[in-house]
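Next come two complexes, and both contain chain A; in the first it sits with chain B, in the second with chain C.
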Partner chain A sequence: MKLFKQRIKPYLLLLPSVTAAIVFVGWGTAAALLESLQDWETGEWTVVYYHELFTNPVFWDSLFLSFSTALLSTAVSVVLGLVVTRYLYHYFRKNRWKLLVWLPMLVPHLVAAYLVLLFFSDSGLLSSLLYRFGWIQEMSEYPFSVQNRQGTGIILTYIWKEVPFVILMLLPVYYQLNSNYEAVIRTLGGGSWEVFKTAEFPALAPVLTETGIILFSFTIAAFEVPYILGVTYPKMLPLLSYQWYFENDWSSRPAAMAVMMVTTFLTLLLAFLAFGLSQRRRNQMSRGK
Partner chain B sequence: MFKNPWKKCGIGLVGIFLVAIFAGCTNSESGQTDEHSENSASSEALLEQPWEKTEAAAENSQVNLYMWGGDEGVNRYIDNWVAPRLKENYDITLKRYPMDITEVLQKLQTEKRANKETGVMDIIWINGENFKNAKENGLLWNSFSDKLPNFKKFIGQDRADLQTDFGTPVEGMEAPWGKVQYVFFYDAAHIKKPPQNFIELAQWVKENPGKFTYPEVQDFTGSGFMKHLLYDKMGRDVLENELYREELTNEHGDAVWQYLNDIQPYLWKNGENYPASLTELDRLYSQGEVWMTMGYNEARAERLIEDGTFPETTKSFIMEPGSIGNYHFLSIPFNSPNKAGAMVAINELLSPEAQLEKMQPSVWGENTPLSLEKLSEADQEKFKNIERGDSVLPSEQLEAAYLNEMDPAYTEWLKENWMSEVVQTTH
Partner chain C sequence: MKSFIRRTMKITVLTLIVVGLLAPFLILGMSSFAHEWRWPQLLPASFSLRAWTVVFQDSQLWEALFVTAVIGMLVIVLNFLLGLPAGRALAYEEFKGKSLIETLLLLPILVPSLAIGMGLLFTAIRLGMADHWIGVVLIHLVPTLPYTIRILRAGYENIGWKYEEAARNLGASPFTVFKTVTFPLLFPSIRAVAALSFVISISQYVLTALIGGGQVITLAMIYYPYVSGADRPVTAAFSLLFIVLTIALLLMFESLFLRSRKKV
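For the complex of A and B:
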């Protein structure tokens, strides 16, 4: 009975969620993997699609854009979210402020991307304001571009959407921080940076890592924001995959699947690395190093 | 250790979950086989039996229509005019599901692979390369169009312009629903005299930098624009009703890319970004960022002017060497659960009344595939008296400029090369 309680029961309890993960995610991934490894007409096994992919500059441009966009928007969101939480978490005890800062989370990504377009495009609100004040004479003089090859609009949208998410993840950590640590550091003459580094960061690090991975894997694989704010070339990976998948004669479908497999592999790799790092840090801490 | 009642619940839930999975599996399997046998037995007979029997079989049934849902006017026509009419005349409940045709075919392909003989779609809206794909992959049911009374009466099997759909033989696998021609739209407040040919267009683009663009090649309208350029550079005689010839693209390809590269720096956003879809181009046009838009359906601006999306000064024009036109069709998937209902509904959509309503500019505005001379005199009068609106070119001018769609292999050639020949060359 003890064996059951300690060994088997946890697995049983996890079964529903694990089953769902295996059935839906696992099955989909496996099907995609199989399709990317089979000739689209004969069904014979082949790695030719991966070979073509890795020798195709279109793919590398997409990969670079996706990677840099995802990395940048994740990094900025995490840092901004951390700063906001750090300095304002006392206010967030009141629901009013908390709701206000979480508001962007209620807006779907698709809508958020359109909002960015609505405000910042050449014929958007900002442009017509500038025009009204006489700062620009014509629409084409409008200086900002949200739809460009650097993915500015995409990054902007993600930051606006994800900062509240970072705050959501970090708030509980700050609420649980032992305020005695801060007192000790202050008494010993430590400044704010010392407080953050010694008392707060060790508790924040695992949550920050987790949040970063969630954001990164979402941004690199999401479709709707780059669909609205992306440019014709280069396209972000999900759009490239979609385009190849729905091309006329279906001969590019395995390649489209290969793109998704590479994306999945990248995210998983990153997740393992990050979790591994934070796990090691945790072990070190528990051993008192 | 305290006892947590939720844990017990959790284990119970796991059990229920597993049972539900197995129950679900067995249920759907048995249901499927039953319907399957009934379905295939009756589906062949449908093509033999008299029409009255088909109508009787369709009575009190539901027909699921899967179609592109991006046009509110079209959606309203189906929901508010066609559906009530089918209910009243045939006791058929028509349900419209908005879905892009590529996704429709994807779904059917998946069902085909899984041997799912009873699907969910009864009618799909299709043409061109998608029809070719669907037909070649066995996703369509059968040759049915010449069993429809309205098709026999008002269209007929021998119409020369309806033998192929973008070069793919139709063979009764789909029934024509509408006819459209590709035109350009412009804002007459900014443009006094629209260009008459591609040379004048290039001049205009250079004189008005940033005010013109076209959708990227993946978009139907974008490749349509480029196909007109092909007609211009290669000539009508080698493209119309001819098969794809590689030496033509080898010989004239450079001229096509050169033209597009030549105007690129003067396009919207200096040609660094092209609209991803016609919707996007229309948005730019409606907000005055560009002064021209385009598209299949010579009358599509009417409703957009009416609801205030397009400026009231919107007019249309066509250029040398002409205006590509095509038909779009309705078809029945191989695993439609209600083929009788689908046939009755399609037949009704081909009736003069339904076609007349569809052609009203405030409804949809597009042209009909019916042969007008086969209609009653009263109906002919009604079709001729439709006021299509100021933004629509006279029908004589459109007919005189009519160009057939070319072999779809040219579209593939455009799609394979445009990105590298035009877009990637700028950096």
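For the complex of A and C:
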């Protein structure tokens, strides 16, 4: 009896959160999927909304914008976060440095987006500074507009917000690294790059993968930031979906759902591939290949 | 020579980080007190309390502040109720299907929250939870719970189970063990969870608008019209409100913790 109790204990502890995850994600996506596959008036099964979506250039432009924005901001955040953590992790042991890194985490994304406007918009601080230096004479000459079709402002916002996130994810790994590895590599004549490649990267890879996937999914599904910094065309996928969802009649609702289903599918596919790759690498490593 | 260059580089990077992280707050603060600050003035020409007056005269502000804070705190409580047992199980136990469960628990932040929100809207309406703060609190679990579980799991892994076992062997009840051993040791993680879930909850615009149906007015709801407006000082003051609210909550949390320590 006691053994049974011991065995079932972890499941009981996990039951509430797993139920919440399944109910929210499972039910939510299932309902959205169903709605995207049914005619909005008759309720008949149809794939016409997906067909219309894939032949609509508006959708492709949004997909490209969302995808490139998410990929770029994730890549830059992860690399910057990694570099900063690697060279400065000793400092972050001290509380005041750690507190400093926490600061951007305490700023909501929508406020961060406004900060980017304040600094980098046409009438922002940088623009004023350039005027002072005599590089521009008019506000309209300001060359670094951030509210553009490439989503520069959105990318900047995410980098400022997510580099600290990456640092906080990576710090525990660096604290737990066995410093003997580095000593061995250095004794054998290896340089910093060797140390990073053989001692640090294998320990970092799983966390880097997880962080990258979280950031990518988060950015590609972002609503709040592009709502402030985006342009009217092309829109990021969630904004496009939201717009169609609330259009005057309900005829665009299935299409709105379809947009989010495609986004979901893409995100999960990428997450699956990345986790799979990182798992395979780990298996190979443990077998000593 | 090489070490000199290294040192200089390190100092430069550290300075850049400090400036990059602190400057935004200074500028926000300055902007909120600016009376006249036009392009291309680098600093405000004159200061006043106008922006703050405007913000606090917003007819919806006090209610929004209250609703936002209550929803945020309820989200924190729910996160602890679900996250503490889950984090504990993942940290201390080995069991069948663990990696599957880990993946399931990560799903709410992998699947776009808008997809989940739009999919759940009809169900929420049918259950009477749409247009109501209960529905908003529940939907805010989606973007917060995965982080909570991750943080608490790492926290539990850090302290290990030995202290708790020692306390239990000395005859402490499970509640006493949690109160006197686990909670104080886990406090850094608990504080991180409170901060993060609160910030995420108060930042939600689209989920709140969707499930709250425009009936549940939070700070984020009334923030947007200001951002798209041209009044910079007012928007800056409003932005600071988000941060002040979070810091106030954290201070409250910290003082509660300190007081509970004194009693032991």
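What we mean here is this: the second predicted complex is superposed on the first by the 269 of 289 C-alpha atoms of A that agree within 3 Å, B and C clash if a C-alpha of one lies under 4 Å from a C-alpha of the other, contacts with A are read in each partner's own complex, and residues count from 1 in each chain.
Note that contacts are C-beta pairs under 8 Å (C-beta built on N, C-alpha and C of every residue); 3 or more make two chains touch, one makes a residue touch a chain.
Note that the structure is a prediction, hence the values are computed from the model and not measured.
Once the two complexes are laid over each other on the shared chain, residue contacts for A:201 go to neither chain B nor chain C.
Of the two partner chains placed by superposition, A:60 touches none, neither chain B nor chain C. Of the two partners chain B and chain C, more chain A residues are in touch with C. When the shared chain is aligned, chain C comes close enough to touch A:25, but chain B does not.
Of the two partner chains placed around the shared chain by superposition, chain B is the only one that A:149 touches, whereas chain C remains out of contact. By the touch criterion defined above, A:100 lies against chain C but remains apart from chain B after alignment on the C-alpha atoms of chain A. In the superposition on chain A, A:172 makes contact with chain C only, not with chain B. Contact with both chain B and chain C is seen for A:13 once the two complexes are overlaid on the shared chain.
Of the two partner chains placed around the shared chain by superposition, chain B is the only one that A:243 touches, whereas chain C remains out of contact.
Shared-chain residue A:135: touches no atom of chain B or chain C. According to the touch criterion, the shared surface of chain A, contacted by chain B in one complex and chain C in the other, consists of residues 9, 12-13, 16, 123, 139, 227.
Residues 9, 12-13, 15-16, 19, 58, 122-123, 139-140, 145, 147-149, 227, 230-233, 243, 246-250 of chain A are the ones that touch chain B when the two sit in their complex. The touching residues of chain A, counted against chain C in their complex, run 7, 9-14, 16-18, 20-22, 24-25, 27-33, 35, 84, 87-88, 91, 100-111, 113-115, 117-119, 123, 125, 127-129, 131-132, 139, 160, 164, 172, 213-214, 217-218, 220-221, 223-224, 227-228, 238, 241-242, 245, 256-257, 260-261, 263-264, 267-268, 271, 275.
By the touch rule above, chain B contacts chain A in their complex via residues 7, 10-11, 13-14, 17, 102-103, 106, 129, 133, 209-210, 216, 218, 269, 272-274, 276, 284, 287-289, 408, 411-412, 415, 419-420, 423-424, 427. Across the interface of their complex, chain A is touched by residues 10, 13-14, 17-18, 20-22, 24-25, 27-28, 31, 39-42, 81-83, 85-86, 88-90, 93, 95, 98, 101, 103-120, 122-123, 139, 141-142, 145-146, 149, 154, 195-196, 199, 202-206, 220, 223-224, 227-228, 232, 235-236, 239, 242-243, 246-247 of chain C.
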